[in-house]
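Notes follow the structure.
Chain nomenclature is as follows: A, B, C and D, assigned in order of appearance, with residue numbering initiated at 1 for each chain independently.
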Amino acid sequence: MNDVILETRSLSKHFGGLKAVDNVDMIVRSGAIHGIIGPNGAGKTTFFNLLTGLIEVTSGTVLFGGNNITNIPPERVAEIGMSRTFQNIKLFRFMTVLDNVKVGFHTRTRTGLFAAVARSATFRADEDFVTERGLELLDLVGLRKQAYNQAANPSYGTQRRLEIARALATDPKVLLLDEPAAGMNPSEKSEVMELIRKISSLGRTIVVIEHDMKLIMNLCGVITVLNQGLKICEGTPAEIRNNPDVISAYLGHSRGA
Amino acid sequence: MDYYVQTLVDGIAQGSIYALMAIGFAMIMGILGLVTFTHGEVIMVGAFAGFYALTFLKTGIFIALVAGFAAAWILGLVIELICYRRWPKGPDETWLITTIGVSTVLKSGAQIVLGTEQQLVPDVYTGFWTFGGVRILHIQVFMLAVLFLLSAALWLFLKKTKTGLELKAVSMDKTAAALLGVDVRRILVVGNAIGCALCGVSGVLLGVYYNSVHAVMGGSAGLKSFASAVLGGLTSIPGAAIGGVLLGIFENVGVAIFSSGWRDVIAFLILIAVLLVRPSGLLGRKGAEKV
Amino acid sequence: MIAIFRTTQRHRGLSILACACLLLIVPFVIRGNDYLLRIAINILLYSVLATSLNIINGYSGQFNIGQAGFYCIGAYTAAILATRCGVGFWIALPVSGLIASASSVLLGIPTARLRGIFLAICTLGFSEIVRLTVLNWIEFTRGPMGIPGIPFPTVLGYEISTNFGFYFLILAIAAVALFVCFRVLNSRIGRAWIAIREDELAAKSMGIPTTRYKIYNLAFGTFWAGVAGCFYAYLSSYVSADSFTLDEGFAILCMVLVGGPGSLVGPIVGAFFLVVLPEMFRFLAEYRLVIFGLAILVTMHVRPQGIAGGGVFAALAPEAAGEGEKGAAS
Amino acid sequence: MKKTGFMLLAALALLASGAVAFAADTVRIGLSAPITGNYAEYGENFKYSVTMAAEKINAAGGLLGKKVEIVVMDSKGDPKEAALIAQKFVQDSSIAAEIGDFTSTACLAAAPIYERAKMVQLSPTASHPDFAKSGEYMFGIVGTQDAEGPFNVKYIAQEYMALKNVAVIYINNDWGHVTKDRFVKAAEKFNLKVTGEQPFMESEKDYAAILNKLRQANPDGLCVAAMYNEASLIARQIRKMGWNVKLLAPSSVFSAKLIELGGEAVEGIVTNTFFALEDKDPAVQGFIAEFEKVAGRKPNLHAACAYDSMMMLADAIKRANSADRTAIRNALAETKDFSGITGKLTFTKVGDIERKYKVMVVEKGQWVVKKDYTR
């Protein structure tokens, strides 16, 4: 179970003179819950964007299950088995909650134009599959009751959980969560923590960016710390907690742990 | 040789009118981010204002330009009130429909109020210079001068005045500008009026240069200003000016090389090509394609 | 009015049935009146056109304002096939659609990455290029002379030569178009388009090849514009570039937006209003267009989301948002 | 969907109520013309002329003992609208015949509908050679370019102006295209060299590039196949660029407006006509005075043709002694030597008029008739 599933080698992204991500090496092991922390502007979200192909890599490589996936387009990334949520929620607002999840099944269904018009066996099989599994996923994140509401309506926490369900619909081997607990109250946070554990227990690898130290320390086996684009250290929660570089990085910024 | 130089001269003259329209257009669409299709009709109204000033009030060309400017400015205020006030944030499609609606009303209203016939605009500056076989009309130089003066004035306005700076702030980010205490609505009103007024001036020049005003003249004029502004980059004032002049040159040189029937096809093909290679236009701000 | 809508949403099967009955009865009621029949034909024709544009603007969020260009391609394809190649209506119909579709792919491949107003400008330019090419390519299109003498279509051995016949022909075309659009929109493909409209980046991250799907969407939408063009060519038996100006494109766009984009019913309501209003205003003579323009403005001020539109601007069709998990009746 | 249905019914009822039968004490003539849109100016002329003619007829006791009534419909110059109006007219059994439309494309789009309903479509201006041929009920009175082209080449360009070679600038619509085509064909036949031919778009204002291009071949004369609005601007731009080319044009430029807009630039432009403002005929003078009173401007060729259209229809109805559509058609087709204000009119087999043209020139800001040919 401990083979490497996701790896970056000297991954860099420069915007003009700004080194948003600089020479980051990281290894994510299969089945792990891997945390990424760092002060604001450390390059965490940019790092995710690089992994999922949303922006172009300046230099370095991304390996997924041993294959080089550097700079492949985001839709291929999703197909290969890596899916994500977004820091600033990106739901399909005018679709229903269930339809949002159904979109996530895109790569796993095959209905074409003619099948859709003729309501062929493929179409029916696809729709049944999508509806059934979609509702299961909504069950998992606790949104079953809201399946037919508009996605724009639910609360902040609900929207984040919906995003997770949608990402899961692509059946990812690796799930990238960008601040899944941001803006939540403590009880919601612990629910999300439970959810992440549950997903992990289903055999998926999870990489999570989070500001909430308590959540990260409780959840993750390995934590990578970024600061100003650089990886300053990596290790177990205990190691991170005692690392002087991390402490100075955080103390050097306004935002505390 | 003379032939091509002459074509170039005429192209620049024609382009200077396009440029003025394009600047007005870029102001509204590029800087304020408002979609407009009333543009052609604003040009028409400006042209008629200039025409009445010249013909009935017997004022000089300068007063006529001011009249075009003023009439279009007022029209700009009305358009803002009808088309944009209720939907300051869009979406684009709503503006599109409201401005098409206003444009229909203006065009058919003009035919009722101003008459359906083409009207004669008297000549101003009939002289010319000759260089070999090339003839440059005084009016052509005058138009170029007006273009330069107005662009410079606009540029100074944007650079030096408080309102100008606020305009720029709004063009970058409406929300952020509002947070900084900019009265976004006022800026939209003023910016739209300025853009319209410039179009009004270009309408006067259009009337004077071609000796005619017509209630239905707006259609093609609007399309040309649209094309020039995009060519130069919607977000840039100098870009729009250059885009306008370039379009004028392309069209004229296009006729010299191909048959004249294809000249608008060429203009549009170039437009699409520019959009594909540089979506932000020749001088547009980078990243403008992420509108 | 809203109450009626609610009811219609709840009993969709029933209302479709009622509507179908109405549409089938109307021509018999007005059979003697060719003028009313022609208006009814125009409403249906523009319903198809508005639906075709709605597929693009309303569902995938691409900003196309040059639908007249594809309409023109469809009409000229049919006209040329019918007069030069002696091809029958039933072959010309899909071919016109496919050629319009193919041309949209040609436009779509380079322009797919453009967004918003920039795409709009490209489609506008394309529409003009089509019209001017038709006007100038005299050997092929007879240029400004137009193509006269398109024969009557033959359906199941019967020649359709009356408005009564044309009404049922366009009714059938409209019904098929709506049916196909309904089914496609309520499938994986339709969901992908809507996802692109809502958030292209997120759609990409969910594994939807957005560029391909946008072109796909453009091709599917313009197919129906081409089909409508073919019908128009046969209906009027004469086509000329004058019928496909930018104003025509704007009119179609107005139908979509006034009716309510992003819903299947909206564009039909829009087509109905924008065909009938100018006719009702005909007695106003030169004031007609002024009143028409004002009517559009008033509509937008009263219902900016469109007459039949729900939500903010892009609320979904009831069928896509409703309780139709099992595909509902149709 | 249901709502759509309700509204459909409501609107249909409304429309139908507008189209119910009328009292039978009038003879109703439909007029389809561009009252709005880009051709509104021309449509307005139609409206004034045809209404005037109807009033004149009514003052003289009407037709068949009834008053003539004109039903004006706005086509915007759009072929689709023209077709819809055609449907409306043929539907209304009280309408005996139709006059219009302005553009040939609009006429051609409406033609199949009139033909099927067996109703006369008499266009004052459609000169498209296919128009009158497109049906038994289609009539055009302006005369086709088949006749005008050769006249312009042989009598105007070669005989009157003594040109050796000529260039053509033409408006890029069906009319301009046919005019250019027939002119160039005739030029080939009569050995007049054509040095260049360039189209311009209808909405175009800047002709400098096209003119410069045509100037390269240095022709003696330039044929301006355009309406008077564009022709006057073209003439002005020619003079501004310092080109001393002789101008000739088809009859479409004949209008007082040409001189008003063109000023000195149109001095010397030669055209043909079959209608002249200075014609001593009291009928013509009466028409001109009347038109000026109503419209506030001098009539042009289109206005004169529209007036004659109405008069010819009235004549046909009188001879048919019936307001039956087919009877009117048959009577109209037999029209022989009808003396209108645009000359003696006789329909050809297909329903065109063979015109007799006069050469006309602008001299000292006035239209002056030069020679009278019978071709």
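Keep this in mind: a residue touches a chain if its C-beta (ideal position, glycine included) is under 8 Å from a C-beta of that chain, and two chains touch if they have at least 3 such contacts.
The shown structure was predicted, so the numbers you read here are calculated from the model rather than taken from an experiment.
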Relative to subunit C, the most remote chain by C-alpha centroid is chain A
When B-D and B-C are ranked by contacting C-beta pairs, first comes B-C
Where the centre of all protein Cα atoms falls, which chain's Cα centre is nearest to that point?
C
Between subunit B and subunit D, what's the gap in Å when you average each chain's C-alpha atoms?
35
If you average the Cα atoms of subunit A and of subunit B to get two centres, how far apart are those centres in Å?
48
In whole angstrom, what separates the CA-based centres of subunit A and subunit D?
72
Averaging over Cα atoms per chain, report the distance between subunit B and subunit C in Å.
32
Residues of subunit D touching at least two other chains:
36-37, 40, 172, 199, 201
Would you give the residues of subunit B that are in contact with at least 2 other chains, written as numbers and ranges?
108, 111, 259, 261, 264
Chains that touch, pairwise
A-C, B-C, B-D, C-D
Note: in the complex, subunit C contacts subunit B through residues 57, 63, 65, 110-111, 113-118, 120-122, 124-126, 128-129, 132-133, 135-136, 246, 250, 253-254, 257-258, 261, 286-290, 292-294, 296-297, 300-301, 304, 313
Sort out for me which residues of subunit B touch subunit C in the complex.
29, 35, 37, 82, 86-87, 91-94, 96-98, 100-105, 107-109, 111-112, 223, 226-227, 230, 234, 259, 261-262, 264-265, 268-269, 271-272, 275-276, 279, 289-291
Under the stated contact criterion, what part of subunit C meets subunit A in this complex?
180, 183-184, 186-192, 194-195, 198-199, 201-210, 220, 262, 311-312, 314-316, 320-323, 325-327
Per the touch rule above, subunit C residues touching subunit D in the complex are 1, 4-5, 7-8, 15-16, 18-19, 22-23, 26, 30, 33-40, 42-43, 132, 135-136, 138, 143-146, 148, 161, 163, 236-238, 240, 242-243, 265, 268-269, 272-273, 276, 279-280, 282-283, 285-286, 288-289, 308
Write out the stretch or stretches of subunit D touching subunit C in their complex.
1-5, 7-9, 11-12, 14-16, 18-19, 35-37, 40, 72-74, 76-80, 83-84, 87-88, 90-92, 103, 105-106, 108-109, 111-113, 116-117, 128, 130, 134, 172-174, 176-178, 199, 201
